[in-house]
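In what comes next, subunit A is part of two complexes: it sits with subunit B in the first one and with subunit C in the second one.
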Partner chain A sequence: MTNAYDIAHFLAGMMLVCSFTLLYQDRILAVLNTFAVQAIMLSLAVAWQGYVRNAPDLFITAAMAFGLKGIIIPVALNRMVEKLGIKRDVDQVVNVGVAMFLGLGLTSLALLLVLKVTPGAASFTREGLALALAIILLGFLQMILRRNAVTQIVGFMSIENGLILAATGARGMPLVVEVSVAFSVLIALFVFAVFLFRIRERFDSVDVESLDKVRAARAHR
Partner chain B sequence: MNEAVYAVVGIPFLSAILLALSPSYRLTALGNVLASGLAFAAGLSFLALPPVTETYVILDDLNKFFIILNTLVGFTTSLFSRSYIRHEIETGHLTPLFVRFYHAMFQGMMGAMNLALLANNIGLMWVGLEFATLMTVIMVGIYRTPAALEAAWKYFILGIVGISLAFFGTILVYLAGQGVLGEGEAAMTWSELLKIAPQLDAPLLNIAFIFLLVGYGTKVGLAPLHAWLPDAHAEGPTPISAVLSGLLLNVALFALLRFKMLIAANPHALEPGPILITMGLVSLIFAAFMLYQRQDIKRLFAYSSIEHMGLITFAFGLGGPLLNFAALLHMVMHSLTKSAIFFAVGHVTQAKGTQELSAIRGLSVSNPVLSVALAAGVIAISGLPPFGAFMSEFLILTSTFAREPLLALAVAFGLLVALGALLMRLQDILFGEPTTPNHPVSAASAPIFVHLSLILIAGLFLPPAVVVWFKRAAETLG
Partner chain C sequence: MPATVQSFIAQGAQMFFVLAIAPAVTGITRKVKARLMRRRGPSIFQPYRDLLKLVRKESVLAPNATWFFRSAPYMIFAFTWVAAALVPTLASGLMFNWAADVVALVALIGAARALLALAAMDAGTAFGGIGSSREMMIASLAEPASLLVALTIAFAAGTTRLPEVAQFLISQPIEIRVSFALAFVALVIVAMAENARIPVDNPATHLELTMVHEAMVLEYSGRHLAMIEAAGHLKLTLYISLIICLFLPFGMAPFDGSAAAWAIGIGTYLAKLVLAAVALGVWEVSIAKMRVFRMSEFLGGAFIFAFLAILLEFLSREVQR
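Let's look at the complex of A and B:
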């Protein structure tokens, strides 16, 4: 059983590492690859849970995470980036050091918060939940720190990764929710894809900063 | 026996698929009206239904009236939407290509909201709200102007943050339930959770409530999480502004209320009241002041929605049978009034060709019918007699005075500030020289006057049956 425990934590930890990597990668393709790695780690983590707990329905979730977010979405976004001719480098609002520091702060916050309120739950659950919350918060941070629509999408999807990790960590949570989360990612991707093309069409750029000009223009309306 | 319960969710989703397949916007507009009418009929039949509790579906006094309100406003909005979209296409603001899926998404959103209201499973409730949000995001961006895209993007980002936090909160509630009910479906079932609420792990419940409050609170538009709301209301098509203000904010608040009931039933958990009171009061007063600087007519009424959601949240936060009753009543009055106002505003902006307040003047000369409708709406939403919102606001104020005089002073201050702003704006809009040319609009005034007469009736005489029903709903809230 200690083995099961170690492997689950290793996989969740790897996802967290990917979240940190997402924070400092400055090339779009590298960001997409890191996201794919995170999604594959998620699928392994979910599959491992399914195996350890003898819950075969979790394998469906794992397969979806692997196929959809590990392969299809990254490949599609890759194509989109090339088709749109988006510049290679990603603008960062703050420098890497500050981003890492903020990330560390959020991670410790997540750990302190979850470990403090769940003394009753099994340590398996509570530590998994703490890591999941850290991944979610880092996803938020990425959405805030990036100025590029594609990297914001990736930030959003890594939030979803964290949510699914949390949902599988909570033992026996019905599959209906996980399926719907995956489903919603699809819809959301559709929304994003539509927007990417529209923003491109309107502003000749996928840089969210061009939206800021609109925002400034109507600051006092 | 419970077919109506499934029909309320099934009709919109089914017709969404059918509408998506039909290419003619005239046909889909008609289909939209038809489907909304059927859903409303199904909603009305709930009046005759006894409470239902099944694995995935729950129907009690509380969500019964939310559903009826939802389907009613959905129906009237579909009527308004029909004339609105026709005008937008005729004037070239929208092309039929981009209206292609509009009606399907409208039905999808209605179905998702009804699902969120009826769900007995907290995960399913979350799915309903998320789906409804995504549908509205697409519709807010439908004009594809830079401003509309910016609004939709901001709405999407903030909506995602909110909905993610709410999901994490939902997982925490499941964990708390799992400690008592064991693994599986039961620990996510709302009715089961409520039964064993006193035994739930209090610290876990507390932290879950914070996540849920911030998550669903973003959707309610409570300050300081309201940033998406004015833009989304101003830049989207007006029928969407009407359902956003009239319905989606309500459904999000309803979700929050369900969790408030859960946490209030647990003696060791924190008091949700003071947090709700603070957020509500801050939203109310903040929005009241923001009303003064608006230069865009739709943004003006968007801030008014923040103000009223703040007031309602405040009243629920203070709680007790009387205030819960008043807050529920005010929710209904606000939904009906605000959607009527947006219907009128939609026609006004089409007639004047602008949303700029400075360019909309002299309405009483150029469009007498619309000016009467808008004036009645603004008077109603400001809480002046003889309309229904006067009664609910009066109830909230007097019962707050009886319990917390200082808080009541703050509420009264906020309401007065808002009243001043709205009346000042109304005067500018109605009187003076019409400055802009007047485009002819084929307005569907029926939805506006249906809503206005409903709130007028509620203000003059609230039928005893309705009072009894609302009282029961208020009691379930605790």
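Let's look at the complex of A and C:
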């Protein structure tokens, strides 16, 4: 079964590469496309796990990941970006190089930590957990380092990708939980959309730094 | 015939083979580029004619050029040739196998580059200085990435010696290795930066905004320029051979193999070389030159890829143990 492991490793590794690409990209549409690629990699990884472990319920998870996150959410975000008219470059709080080094540090941390705490587990589980933790931390980093609200949403969604990867690696969570999580993410997207349009109505931009100014003004009052 | 003599001859054969085909590799790339731009392009043997012409011409020196300026081209050529001859191309198990270390290769190339940058500043013109500073910036970004690629390969194969790495990779069953894919991308980016190929530098123009390599060699003429040009061709062949050796080593002959094995070794190597040259030409036509200030991001990408490669290699090794 070395090949089975290799393919799982490849797919999860490509998800990690996508996480780094999310951090690297400075165009909003490129970020959305990368996110879609990551979700498709996730669905392939989950489907592969389902095939290797003979667990048909994982195929449903894979289909949901593909449909919701590979197609629906990117398309919805694309439309939002078009409506908001923010196709130009998005800026990061720090420059790309620093972001990359932070990302590398977080990835190394995640791998070392998971390898330390799961010595007895099966190789699929350790591998999935380690890469998933790295993807989750990179998603957090993406949310912290971006100024634009849309790219922060993408960071949030990529955290969710990491969570699903961890869940399938660790012998799966029940399908009911899975479905409810998927739909809550979809609902979160609607909430985000409403917030986005409200923020923009108020400040004429989706740069979340303008929120800080409001807070400062309130504090002074 | 004793084995040492045989391997000495094989090593020598490889050395002169690399030297002989290097200009043709550049020629093929130029021809492909020209054809894709709907020009006819010079013959693929034009680089040989250029070299011959340059050797016959008088070389003009700046009045304040020192001995270093005159001797640097020969040293650069020698360093690059030694490096190119060390990479196993046709066969493995050659005489100087013990020296064909990736780290040594990086050091040899680095020494050649340092000489070029120093010599460029020797004549005291502004262009030499700007070329040297840019070259050093690119080198400082590309070298860590190339060393990390070397470490990834060494981590997988257990050695940094190229012939042993190639032997190890040939003996392995074919697998999907994401770390090797990432290392491959990183090494290709590094190779483009080091050889002054298009996203980083365009050696075909003399435009001061973008010049890197050309700015450094502007002061050279005649046989000195011929040496520098030949070193450039050799360096391109060296990097292509390195990529072939690390990622596509199949078909390589052992030095004491039969004539048929050697024929297969030469055939596959030439085929891979031509393929790489054509791919390089297609790539160069299809993208645009980058701004100098974007270089750090581009080469930083190579560093990230190499680092991720080593992390993933480490992970899969730890997990599978």
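Annotations for the structure displayed:
The rule is short, and it goes like this: the second predicted complex is superposed on the first by the 215 of 221 C-alpha atoms of A that agree within 3 Å, B and C clash if a C-alpha of one lies under 4 Å from a C-alpha of the other, contacts with A are read in each partner's own complex, and residues count from 1 in each chain.
The rule is simple: contacts are C-beta pairs under 8 Å (C-beta built on N, C-alpha and C of every residue); 3 or more make two chains touch, one makes a residue touch a chain.
Being a predicted model, the structure only gives us computed values, none of them experimental.
When the two complexes are overlaid on subunit A, subunit B and subunit C sit side by side with no clash. Once both structures are fitted onto chain A, a short way to say it is that subunit B and subunit C open up an angle of 150° at subunit A, using Cα centres and rounding to the nearest 10.
Legend: residue contacts after superposition of the two complexes on their common chain; A:L131 is shown touching subunit C, with no touch to subunit B. Applying the stated contact rule after C-alpha superposition, one finds that A:L163 touches subunit B and leaves subunit C untouched. Using the contact criterion defined above for the overlaid structures, shared-chain residue A:Y24 touches subunit C, although it does not reach subunit B.
By the document's definition of touching, neither partner reaches A:L84: not subunit B, not subunit C.
Looking at the superposed arrangement, the partner reaching more residues of subunit A, out of subunit B and subunit C, is B.
When the shared chain is aligned, subunit C comes close enough to touch A:M14, but subunit B does not.
In the overlay built on the shared chain, the residue A:D6 is in contact with subunit C alone; subunit B does not reach it.
Once both structures are fitted on chain A, no C-alpha atom of subunit B lies closer than 16 Å to one of subunit C. Taken together, the subunit C residues at the contact with subunit A in this complex read 175-179, 182, 296-297, 300-301, 303-305, 307-308, 311-312, 314-316, 318-320. Taken in their complex, subunit A has these residues touching subunit C: 2-3, 5-7, 9-10, 13-14, 16-17, 20, 24, 96-97, 100, 103-104, 107-108, 111, 115, 123, 126-127, 130-131. Contact residues of subunit A toward subunit B in the complex are 113, 116-121, 125, 129, 133, 136, 139-140, 143, 152, 156, 159-160, 163, 166-167, 170-174, 176-177, 180-181, 184, 187-188, 191, 194-195, 198-199, 201-203, 208, 211, 214-215, 218, 220-221.
Touching subunit A in their complex are the following residues of subunit B: 121, 123-124, 126-127, 130-131, 134, 137-138, 141, 144-147, 149-150, 152-153, 156-157, 160-161, 164, 167-168, 171, 174-175, 178-179, 182-185, 187-188, 201, 203-204, 206-207, 234, 293-296, 299.
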